[in-house]
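Provided herewith is a single structure, encoded as structure tokens, for subsequent inquiry.
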């Protein structure tokens, strides 16, 4: 299951949704809004997405995770809109029979999300200025 | 923070406890009781511990994690007593400024817990028989 | 052809730009046209998406395709 | 000296066993004594803990130490 949302992410409900009697391991990653990036102070973030492509890419990542690891559930939810420091911007949870698979699958999913999904954040500082973050390399496989 | 408990583990509260404005990454591992181990059916588990040593080992793992990675929080809670299929037996959560550190620290903590902490589980099957699980290698550094 | 923009490119040039491309044009041709109206440094670090898929420079672009410029992403 | 037992060893021999060790005895000597009363195969795969720390065979064991046999663990 993948989803973009403008509402707060209920990570506990997502985690419970991933639990299953066949699975001994559940692994969750939360991205939360950090107040400091180096010297740079963030007061709030604005997240924007190219929504139809973002949903397609998230679904492709889910499919890849399912093809590579024996996951029961893989749930990826990314929040959009304005977020305050400490808010959860993204939650990814996987459940697997054993822990090594869960760790590997979770890490792959989060790394792929950060690399491939067309979502952008604007860091807004205490002086009223805001800047889109474009630090990563050119997106995609090219 | 490390703890042994006979009560249900509130992983959502633990995860929220780990969140911090300086941290962009929170990673959680849940061990849950599996109904199947190979062909072997489990109905419930009994967990026992050598409690004072288990708490000492958990505290040592927390200290090692803190020494190796820039974690803000590392919380490890293991449940003891009788658990049903699907119950959470262990929760480990870490928070870090960045995700790579959080993944590495979480995995190290969980692996060390499973290797070093004197806790044992007895798998109880549908026929009323129970068997202590002693599959791993000789514990400790020797 | 309308090309969708996001993030800093949207701040610079609006939610989309219109470019004229001849029949048989490729993503490479599209990039050359976009370089006239978008900040070159960020465009060079951006991908082109055609119909919600990252597209290589040699890919053909046709009328009716949904085309977007994808600056370096920063989700998560 | 009282030695604490857990899990399958406890099922086999109770929560503890008493062993007699001479002054200057080591963990190796303790293992030899325990082999008389505990299942040998599981004992061989078990660690010895002295005062809540995994102990090497050469470590001395003294009256007053808290000593335990730690079979392969299965927490988590």
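Per-chain residue numbering starts at 1, and chain names A, B, C and D are given in the order in which the chains are listed.
By our rule, contacts are C-beta pairs under 8 Å (C-beta built on N, C-alpha and C of every residue); 3 or more make two chains touch, one makes a residue touch a chain.
Given the structure is predicted, the values throughout are model-derived calculations rather than measurements.
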| item | value |
| --- | --- |
| Most remote chain, CA-based centroid, reference being chain B | C |
| Centre-to-centre distance between chain C and chain B (centres being mean Cα positions), rounded to whole Å | 48 |
| Intercentroid distance (Cα basis), chain D paired with chain B, Å | 25 |
| Shared-contact residues (touching 2 or more other chains) in chain A | 31, 99, 110, 114 |
| Sites on chain D at which at least two other chains make contact | 76 |
| Every chain pair meeting the contact rule | A-B, A-C, B-D |
| Touching residues on chain A, where the partner in the complex is chain B | 11-12, 15, 19-36, 85-86, 97, 99, 102-103, 106-107, 110, 114 |
| Chain A to chain C touching residues, read off their complex | 31, 47-50, 52-54, 56-57, 78, 89-90, 110, 113-122, 131-142 |
| Contact footprint of chain B on chain D as seen in their complex | 4, 6-8, 11, 42, 45-47, 49, 52-57, 68, 70-76 |
